[in-house]
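Two complexes, one shared chain (chain A), two partners (chain B, chain C).
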Partner chain A sequence: MSRFLPAEAFHGTENAIQLLPLRFERAGYGGYLVSNMVGDFVRLSTDEFHRLVEGNVIPGDDLYEKAFAAHLVSRAGQTAQLQVVAARLRSRMAFLREPSALHMFVVTLRCEHSCPYCQVSRQSTDKSRFDMTEDTAERALSIALESPAAHIKIEFQGGEPLLNFPLIAKIVENAIQAAPKVGKEVEFVIASNLALLTDDILAYCKRNSILLSTSLDGPEDLHNRNRPRPGGNSYKLAVNGIKAAQKALGTDRVGALMTTTEASLDRVEEIIDEYVALGLDGVFLRPLSPYGFAVKTKQIKKYDAKRWLDFYKRGLHYILDINRAGQDFFEFYTLLLLRRMLTDQPIGYVDLRSPAGIGLGALVYNYDGKVFASDEGRMLAEMGDNTFELGHVDSDNYRSLILSDKLIELVGSSLTQCAPECLNCVYESHCGANPVYHHATQNDPVGIKPLSFFCVRQKGILSTLIDLLDNSPNEAKVLRQWSAM
Partner chain B sequence: MTLPLHGIAVKVRGLNLEHPWQVIRAHAATNPSGHAADAALIKSQDDVAAAIGSGFKKAIVIGEVLANGLDEMPGVVNLADQYEYLADGDILGLQAGTRHFRTLYRRSSTHNSFLVTERCNHYCLMCSQPPRDIDDRWILDEIKAAILLVDPQTKSFAFTGGEPLLEWRTFIEVLEQCRDMLPNTAVHVLTNGRAFANNAVVSAWEGVRHPNLMAAIPIYSAVDCVHDYVVQAQGAFHDTVLGVLKLKDRGQRVEIRVVLHAITAPRIVDTCRWIARNLPFVDHVALMGLENTGFTLANMDLLWIDPVDYKEALARAVEYLVFAGVKVSIYNLPRCVLAKSTWPFAVQSISDWKNGFVEACDACIERPRCSGFFTSGRPKYSRGVTPILARLEAIA
Partner chain C sequence: MVDAVTVEFDEAVQSLDALNAAAYRLLDVASCQIEKSGGKFVCRLTPKNPSQDNEPIKFRFLDCVTDENLRERLASKTEPVRNLILSLAFGALASKQDDKAG
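Let's look at the complex of A and B:
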């Protein structure tokens, strides 16, 4: 007689096995993709899935072991596993502890470019009407400094913000003086097409640790076609600007974003090559957003979600090949989603969170002093829709903006945790509410998700990534590395 | 080779035979000492005179009793030749009445550990120190006495068991003593972690505010019933996981230990993926080759798996932890049975007193970096043990 007990002796019959909350989707191969409360995925066969939901699970049958480790079942009366899940959920949602960390200042709506896809509806004339005044900027800054986040980012937007550079300098100086007095750290970004970049501006950026973010749509002909300006030299100016900024500020102090137009769809490799050649550390394959001229000129209607997803997948594979050949190069949206999927770091990216990032993630101070809950919110306002206008710098403070009935209603009504379709979606943990997008496209902050490009794009990307992680070991290795960045 | 760390003295004379135990520190015979626990270390005739000249009242004599002059030494403990390794600063625990003694601490070793108790609330299938249900609470008093004698330059040592936290109040006092007496010594406590499910224990542990303390806690599986089976205790997984969470919630340092055998190794990828996803905040994970001693010998059929048969799984398990930013090490496994990708994580973990190599190792270029083998118990070798030779192109 052994002093040791057999495995069966520890199968524990006193504590009932309970099903924990889960989400699922029938998967192409006939089984089920299942996710737990914190978005870990597990694949189950149809038989396993049915046994799981019927409670026909016992230790030793392999399904119990799989389901317990994946937090799909627990034991009645045992708290440790629930504490693990609770701690993870708390970490994932911790971005809520730093509300309104991003403050965007639209220092002018004027721009010397005339992009047909312009989503902010830029103006070309009338300095007095479309530039932010010093008084407005001062009020906006004081609201930004009232927000609770200890570390805030001030982003200068346009139009082309360099057309009003003196105001940028004024705001930077005031912020650097005022922030330490309220115990805050401030970081600055200028979102610019770089056409008007000068050595003086670069030296100023260097002195004040200002980051630059610009637009680069790909090879010269594509970029110039997407982004016309007098002289037809947008590409040259952007590339020269990027190089000058890399030299003056450091390669990690300037980034670029691309916008996908119909003309981009067949050229993803060339677009990526362009970014690699410039020594940029990654690309953000970004679809057009349904605002401003992109809607007016019908650019937005020229491709659907499926065509965009094909573009994205081709691009992702091309980028993974670059990585497998030994060069680190990222697709930034994928990287964000991987961090959501494979870690519990709080990711506060404004489009990918619920509660939504409107107001709670960012505030936008328009050139005219109006305050919006998001950048897209002010884009809608230029189209005559004031849904996301929270107030005005002259008559509001941080509290009145963030606690306005309007914002609470918009955030409260769009939670993916309880919105139709989202509530049961296997990808919910890694998605976001994005009420501005759904309001813009469906006139409803929740929207009917199967009709949403955003939803189709999210599902398409996430299912692509899960497939790679599960079935392509070499690609999975690169993706796992990204998640650790 | 294996150093004998305990035994029976050949002779004990003039030492307090009534007291059940005492702690003695070996001291260079030429060097006078004021400490009552210090005994001159005598290995030669010259040492005898030196010890008496230095005014020692007691001595540790190694080997054949030396003829001249020893009679003048009031207290003598005489040990056999095999304890020749004892050196200045080493500490013995002696039960004078029975002549039983143990080497508690060797100053030159980086692998010192104090056994706190032989009692345990687990009964692990592979326990290397099979528990005994005896009242050995006196050991904690012995440890308290020994701590006072440990060289404050000591980099680290461990407390093991049994389960050190069974008498947690007294053990916390020992930790406080370590904090005060040995502030530069890292302390590793090998515990099953169940005690930390109790808030009072976590609070006391945190309250010590030791500058360099680590709780090393085993989790053998992501599945409750598998872990409970390995440790032969119902409810163990629950208490241990709760304990780890509570420790980390209070900012305490935690190492997770997984011993690899036929029950744990086939699931090691799942276990490490689970740790990476659920406990990425632990400070270290140690994946440990099995030591064929203690209960492992009785359960060999149940536990033996050739390490080469889980080599690839171990590599994947390590990868999951690394990508999650978790610090990971592989203990007790020689490089020849490990995937090359895991070599950077494989450390020379086997305690110096029970560490050795086999003949095949003579030709191996990795030997200076390799863990080698346990010499304790009844060593069982992988069929994968083979010298790693210089790569051909490197020779050409």
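Let's look at the complex of A and C:
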């Protein structure tokens, strides 16, 4: 059998023109933004759009060629175009074949910082109550190793996980021994403020290829204001920790995340400069999340989506200028979205996928043995809301957690492919169900999207990127390079 | 009391689903109550911001209804090919599951 269809399958047919599924929105310029089933965008004038949807296109009129190239039309009975869309769709959704690749161990809820936006509701005392035990860790590890993914990532979270470093070492050693026996590769990350980092811990990380992820909110005054600790030296400790980790582990083995508070909004350039000066390869311009002390202290109400989007856009333009001046530096969320928009790689980022990443993308083992469908789910539990608690390491295994009625209901009910507004949203292919966020903010896992910060943010970022890709050649060149990273 | 603006549609030619979808899209600026009355759908739009001018809300709603009507029509027209593409993409997975179940 020939590997390729005959040439007639691709052109020359006189069969009727067939419209393929599409989504559209009115665009600001008076025309329409149209996307196909795999999220390729095309801008059409009002006349072009109406001709397209009425089927008034003929080969040679430019619109037919434009629509054919964008997988918006085919010919009845012609399967090649449909096969291409199907293959691309299958590739984009292939993240579902590697379920639960991320396993987060909350080894302690204690922390020596007292950040007012802390989303995990850290505790400052009582080691016996808020530290994970060895038995719990062992049981959690065995569940993690039951997951089908061939490559798993174990992330140590807190509180401040370095306060329980002996347990981290125990889990790492057990995982390194046990993973090959079940045919798995395992990678480790410690999410730490680095205040307690020592040379011994760095040497241990080096020996075991452990990545470090930390928090850096920007210049010293801003960082220390956002992240208070005894001595008021959080910034100094974080920066020293980053430098020490870069030296000991390599510059690509430590990353940092920032959280946007109201005080950050006018200072995006300074924040980015701080990251550049430290030799970090990019920044993730991250809004506050609506959990824990960020809600209790009302930090979350101090800015709206529009103010955050202004902050993001200014930051993105500043970063693009840095790139155009010759230095590679990324905005990581943008990079992720560009890979979604410009390639068909399966991107399983937990907040940007549908079916949702809860459980299917990550499991969280809390210090007390409770298992949650996401990190934000355990943050909600600390606020008294157990909606995303799936079970307990003592009484559950991987299968019972993943196939629990609760998880199936939450994932099934929040699919963007059929949620109100999302199902017809022109950006749906590049967005995701975020049931934890919408449950937390609207008490509805599906979410009322016209009222959702998440939705406004997604639409704002995606429309900004489409605009740059279409209308700003110099910026588009940089953005296209990012999508290949 | 904020003044509401009323828009009427002929029940014989206008789908209720499209009206509901349009009302949903407007939730950030107005609440919409839809009632049936004498062969018409009566849509009563109440702005969320009392100082908001009603006219732009009305026109936005009409645009939304027009778009939702079109989306409904396109969905129905492209449903067979959409299902075909989905079966080409994921049908093999379903057959594997059927094999396992069998």
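Convention: the second predicted complex is superposed on the first by the 471 of 485 C-alpha atoms of A that agree within 3 Å, B and C clash if a C-alpha of one lies under 4 Å from a C-alpha of the other, contacts with A are read in each partner's own complex, and residues count from 1 in each chain.
Following the convention adopted for this analysis, a contact is a pair of C-beta atoms (placed from the backbone, for glycine too) under 8 Å apart; a residue touches a chain by one contact, two chains touch by 3 or more.
Computed from a prediction, not measured in an experiment: that's the story for all the values here.
**Student:** Looking at A:Gly232, would you say it contacts chain B, chain C, both, or neither? Reply first, second, both or neither.
**Tutor:** In the superposed model, A:Gly232 contacts neither chain B nor chain C.
**Student:** Mind working out whether A:Asp40 is in touch with chain B, chain C, both or neither, as first, second, both or neither?
**Tutor:** Touch partner of A:Asp40: chain B, not chain C.
**Student:** On the A-aligned overlay, A:Gln78 touches which partner chain: chain B = first, chain C = second, or both, or neither?
**Tutor:** It touches chain B, and chain C stays clear.
**Student:** In the superposed model, which partner reaches more residues of chain A, chain B or chain C?
**Tutor:** B
**Student:** On the A-aligned overlay, A:Leu20 touches which partner chain: chain B = first, chain C = second, or both, or neither?
**Tutor:** Once the two structures are laid over each other on A, A:Leu20 reaches chain C alone.
**Student:** Identify the partner contact of A:Glu421: answer first if only chain B is touched, second if only chain C is, both if each is, neither if none is.
**Tutor:** A:Glu421 sits against chain C, while chain B stays out of touch.
**Student:** Using the touch definition from the top, say if A:Gly279 reaches chain B (first), chain C (second), both or neither.
**Tutor:** neither
**Student:** For A:Gly250, using the defined touch cut-off, is the partner it touches chain B, chain C, both, or neither? Pick first, second, both or neither.
**Tutor:** It touches nothing on chain B or chain C.
**Student:** Would you sort A:Arg90 into first (chain B), second (chain C), both or neither based on which partner it touches?
**Tutor:** A:Arg90 contacts chain C only, not chain B.
**Student:** Do any residues of chain A touch both chain B and chain C, and if so, which are they?
**Tutor:** 83, 87
**Student:** Over in the complex, which chain C residues touch chain A? Could you list them?
**Tutor:** For chain C paired with chain A, touching residues are 21, 24-28, 63, 67, 70-71, 74-75, 77-78, 81-82, 84-86, 88-90.
**Student:** Residue numbers of chain A touching chain B in their complex, please.
**Tutor:** 3-7, 9-12, 40, 59-60, 64-65, 68-69, 75, 78-81, 83-84, 87-88, 342-344, 477, 480-481, 483-484
**Student:** Which residues of chain A touch chain C once you look at their complex with the stated criterion?
**Tutor:** 18-22, 24, 26, 37, 53, 74, 82-83, 85-87, 89-90, 93, 420-421, 424, 448, 450-451
**Student:** Going by the contact rule set out above, which residues of chain B touch chain A in the complex?
**Tutor:** Residue positions touching the partner: 123, 125, 197, 222-226, 228-229, 232, 234, 237-239, 241-242, 245, 249, 270, 274, 277-280, 295, 298-299, 319-320, 322-325.
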